[in-house]
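Two complexes are shown next, each including subunit A; its partner changes from subunit B in the first to subunit C in the second.
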Partner chain A sequence: MKHRAARLLFFSALTAVAAVYIAPVAFMLVGSFKPDARVLSEAGSWRAFFPAEASLQNYRDVFARVDFTRYLLNSLWITGAITVGGLVVNSLAGYAFARLRWRGRDRLLLLVILLMILPYEAIAVPLFYQVSLLGWRDTYLVQILPFIANAFSIYLFYSFFLGLPRDLEDAARVDGAGALRTFVEIVVPNSKPVFATVTIVTFLFFWGFFLWPQLVTSGDRVRPLPVAIATFQTLPPLRWGDILAFGVMMVAPVVAVFLLFQRWFVRGIAATGSKE
Partner chain B sequence: MTEPPPAPRLRILHALPAGPLMALPAVLALLLFVALPFATAVALSFTDLRMGSPLATEFVGAQQYQRAFEDDSFRRALANNLWFAAVVVPLQTLLALGLALALNRSFRGRAAFRTLFFLPVVFPMALIAVVWQLIYAPGPNGILNALLATVSFGAIEPLDVLRHPQLALPALMLLSIWQGVGFQMVVLLAGLQAIPASLYEAAAVDRAGKVSQLFHVTLPQLRNPLVFTMLVTTILSFRVYDQVAIATRGGPLDATTTVMFETVRTVFDRQQVGLASAMSVVFFLMVLAVTLVQRALVRQEREID
Partner chain C sequence: MASVELRRISKTFDHGPPALDNLELAVDDGEFAVMVGPSGCGKSTALRILAGLEQATAGEVLIDGRPVGHLAPQQRNIAMVFQNYALYPHKTIRANMEFPLRMMGLPAAERRARIARTSAMLGLDDLLDRRPRQLSGGQRQRAAMARALVRDPAVSLMDEPLSNLDAKLRVEIRAEIAALQRRTRLTTIYVTHDQVEAMTLGHRVAVLDHGKLQQFAPPQTIYDRPANTFVAGFIGSPPMNLWPTRVRREGNRLSVALGTHWLPVPPDHPAAGAALAAAASRPDGGPVIAGLRPEAFHLTDQAAETPRLPVVVSGRESLGHELIVTVQIQPGHADADAAVSGDHRSGPAGKAFAARLPAGPAPAEGRRMELAVRMKQLHLFNPDGGAL
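Here is the complex of A and B:
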């Protein structure tokens, strides 16, 4: 009896915490379907979560007021290019550090490990200065190129490859395959977990990337979603329903992918924590 | 007797071994886009460089560092970052640990709870900063104000937290914890699941109670994930920028300004590259100090083993 009561108490407490925790998300989702005037006027009542009427008007408003499709495509292109480019160059480097012997390897590996400590915020100022001098602001390139090579990704690949059994690679090498072919044909197919981890971590980070794009974009042409929602919020007239609809559309693709590949997300995030 | 010399083509291939070739693109890009800019930041921090200034740039020694530390806004920013870390790191860690322990038990619906608490991790901070402005909306209709009025039976007057000198920073801390706790929880859960069951069995044989098991088995075994997640959260507390730039713009009266916000303001609004570079170097030294402490803690533990 006592055991059952404790279980019930535990479950109710957890549910209460969860309800408070998810409230902001529920509020955003529900508010995005409500007539604009009611978003704020009903925010403090239970009507915030159970609307009397719902429509897609706010979503239509977003497309009427700004070029949402453009921001979405910008974000997809920038984030996609950083992620895919990063998978290629960082995995190659990780493999060269983990498996191949060459002069200067250990010194360069130490450099990569040291660079892991350096957050990109510490180099934003000189990079911004350089880019301004060269007149490269408002381009895709300046939002992509500096972020493809990533010390942390190299390190994740490096430590994963170190842990792979060598037998398969040795067999391929004996058969006369070069290092690159061995890597592409043998190592990559056996390294799905680390590729998934790096993909997820990179994509999530750059999908939400704000500081750098805010510094280097001044118009709509190459502006990604996080900067766009911050500007949209300050665009008169202030309509909270539209802002929430913008927010839902901005996060929906990521949430959908997350729900589909949840196990990989959780494993990937946890993996970044256990690699110390 | 003598072997024929290798064909010239083969010799070229030998001169270009695979290792450096495969590492080259990433290493070159890291040097060009990370190492070089940082070296530039260090060099520029000793100059009075201003963007668009007709005056020649001069070497000014440590003057920019002195200026930064004499600047009231920058000093406030440093204090805010430290205060942010001092509040967020313990609170978020405790919350994440509690959730991880709760969700490590087996019960029906556990997976759904995990999904729910992890969800904000995939939300961009820019979006969270926008949505939470509605939660913090001034007037009796704001969610927070309505909630406070309900639980206090109307005793608490509606607040404008984001424009309140004492409450604005805690308000930003709260939304940061909301987003960050899921990450910490997931890493700690993975740590909990890696603890061998035999340790608990041994503790049970010794008649150790649940509380004793927590302090003598669980927490010591969780040491590395705890140290790691606390390091990451501390560094994230030093990096705080998006929420400030979007929700408060550093105000009211520098109450929510941060080192990164001051740095960006200095280079972007005031064009002062030299001063902003000095601020970047100070920021890096803060991150470096935390990293060294964490390394020392992990090493210490390895020596004990």
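Here is the complex of A and C:
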């Protein structure tokens, strides 16, 4: 009896904590379908989580008021390029650190690890000056290039490759494959978990990346979603329903990417933890 | 096909003790050579240096008389079977076998023909479209050999290829490997820590310890005439019994002490020449190490005039077809004039040793009995371990 009561209490507590996390997301999703007036008036009550007079009007409004498609394509292009470019560059770097022998390798690896603990904000301003001098402001390039090489991704790849059975690569070498061929044909296909992990982590981070694009973009042409939603909030008239609809549409691709890769993502987290 | 030679190969890892120390090994064309030794003896390192996966610190590797030290693994025309098979998990068996052929740049038709030939030879025809994880241990082992052989290498290297299999399968595949090598006459170097594999597979067996070659000879020679006490103790199960002891000479008869008993060395014994005589006449009493394999002992036969050793039984293991008895030498009465004295007093008398007896009722522990000793099977070594 006592045992059951304790369990009940335990799960109630868990439910309460979960509710705290779910509530804002549910509020956004439900609110995005409500007439603007109801969003604010019902915000303080349980009715905030039940759609009344549901419609797609807010979504139509967003498209009518701003060029959402352009922001979405901008974000997809920038985040996609960082992610794909990062997979190529960082996996090769991680492999070089994990398996190839070259002068200065260990020192450089230490530097990469140091870079991981350096907060991005610390280099934002000097980086800004640098790209301004190069005349790169308000371009896609300036939003993509500085972020392809990533210390954290390199480290994730590095530690995963260290744990791969070395015999596979030795076998490939004996079979006649060079280093690059071994990497492409043997290592990559057996490293899906880490590629999935890096894809998700990179995509998530840069999908919501705000500070840098805010600094370097000034017009709509190359502006990504996070900057666009910030501007959208300040665009009169203030309509909360529209803002919530914007938010839902901004989150949807992230959820899609996660669902696509989560199978390997979970395995990747497990693998980098245990280094089997 | 090719001969293989390791010339004065040394290898040191990160300032540690040498993993290989002046290793010399010449394997003939078409020979099946086995490198055996305890773990850490350097046998796998030697194999990896041969394959080009590791660089020797000093020395030279020759394949077919040509130095290959500067060549990458893929340029040496060798094949290797790894301990855990190292089959590419994401490729089918066919694709695994095709990989080295593609690397060689062979046309598709030739690749198909070679895969068909090799898979037929190894009985893999029905498994070609499976992935490694869908195969049993024995099938994986065969697939790994197929991938190694499909390219017609000059030399095949095998690194403990049976160690992941269960005992029954190991015996089966061992026989298959031996048959395959006989058929292909492919120069093979096989690394194992298992002396049974070494003895059954090798035309010649190289015994390694601490990075040094101890002996390289046909299996029967290794067993019958071990070059030193390490080989004597490593090959054979149970291993050879070894006693640090002494020899003495009375007239022209040599005898050796076991416990407090002096046993005659037969005059026609291979070691009974000048060296032993010289040892016997040394002022420090002729220190030697005597070795007798467990099968050198047998139950006393009243008629025969074999020397006998009084022992007390301290343990027994019945293996069904034979009996391994652990015994200790009893102090003798007649010869109590301290045949073994000084340094050796505590040594041999109290030391337990193993005797191999025919199957039958096991003698009870604590029982005193006499064992006859076939002195023709006596091995004698210098105190430093080398055979006399």
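Rule of thumb we're sticking to: the second predicted complex is superposed on the first by the 254 of 276 C-alpha atoms of A that agree within 3 Å, B and C clash if a C-alpha of one lies under 4 Å from a C-alpha of the other, contacts with A are read in each partner's own complex, and residues count from 1 in each chain.
In this text, a contact is a pair of C-beta atoms (placed from the backbone, for glycine too) under 8 Å apart; a residue touches a chain by one contact, two chains touch by 3 or more.
This structure is a prediction, so every number in the text was calculated from the model and none was measured.
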Superposed partners subunit B and subunit C on subunit A - clash or fit: fit
Vertex subunit A, arms to subunit B and subunit C (CA centres, degrees, nearest 10): 90
First, second, both or neither for A:266, with subunit B first and subunit C second: first
First, second, both or neither for A:164, with subunit B first and subunit C second: neither
First, second, both or neither for A:254, with subunit B first and subunit C second: first
Partner chain in contact with A:175 - subunit B first, subunit C second, else both or neither: second
Subunit B versus subunit C as contact partner of A:76, first or second or both or neither: neither
First (subunit B), second (subunit C), both or neither touched by A:190: second
Subunit B versus subunit C, judged by how many residues of subunit A each one touches: B
First (subunit B), second (subunit C), both or neither touched by A:128: first
Superposition-derived minimum Cα distance between subunit C and subunit B (Å): 9
Subunit B and subunit C contact sites that coincide on subunit A, given as residue numbers: 178
In the complex with subunit B, residue positions of subunit A that touch it: 7, 10-11, 14, 17-18, 21-25, 27-28, 31, 39-45, 48, 89-90, 92-93, 95-97, 100-105, 108, 111-112, 115, 117-130, 132, 145-149, 151, 154, 178-180, 183, 204, 207-208, 210-211, 214-215, 225-227, 229-230, 233, 240, 243-244, 247, 250-251, 254-255, 258-259, 262, 265-266, 269-270, 272-274, 276
Subunit A-facing residues of subunit B, complex: 17-23, 25-30, 33-35, 37-38, 40-41, 44, 49, 51, 99, 102, 105, 107, 113-135, 137, 140-143, 145-147, 149, 178, 183, 186-187, 189-191, 194, 224-225, 228-229, 232, 235, 239, 241-242, 245-246, 260, 263-264, 267-268, 273, 276-277, 279-281, 283-284, 287-288, 291, 298
Subunit C-facing residues of subunit A, complex: 165, 167-168, 170-178, 181, 185-186, 189-190
Subunit C - residues contacting subunit A, complex: 48, 51-53, 72-74, 78-80, 82-84, 86-90, 99-100, 103-104, 147, 151
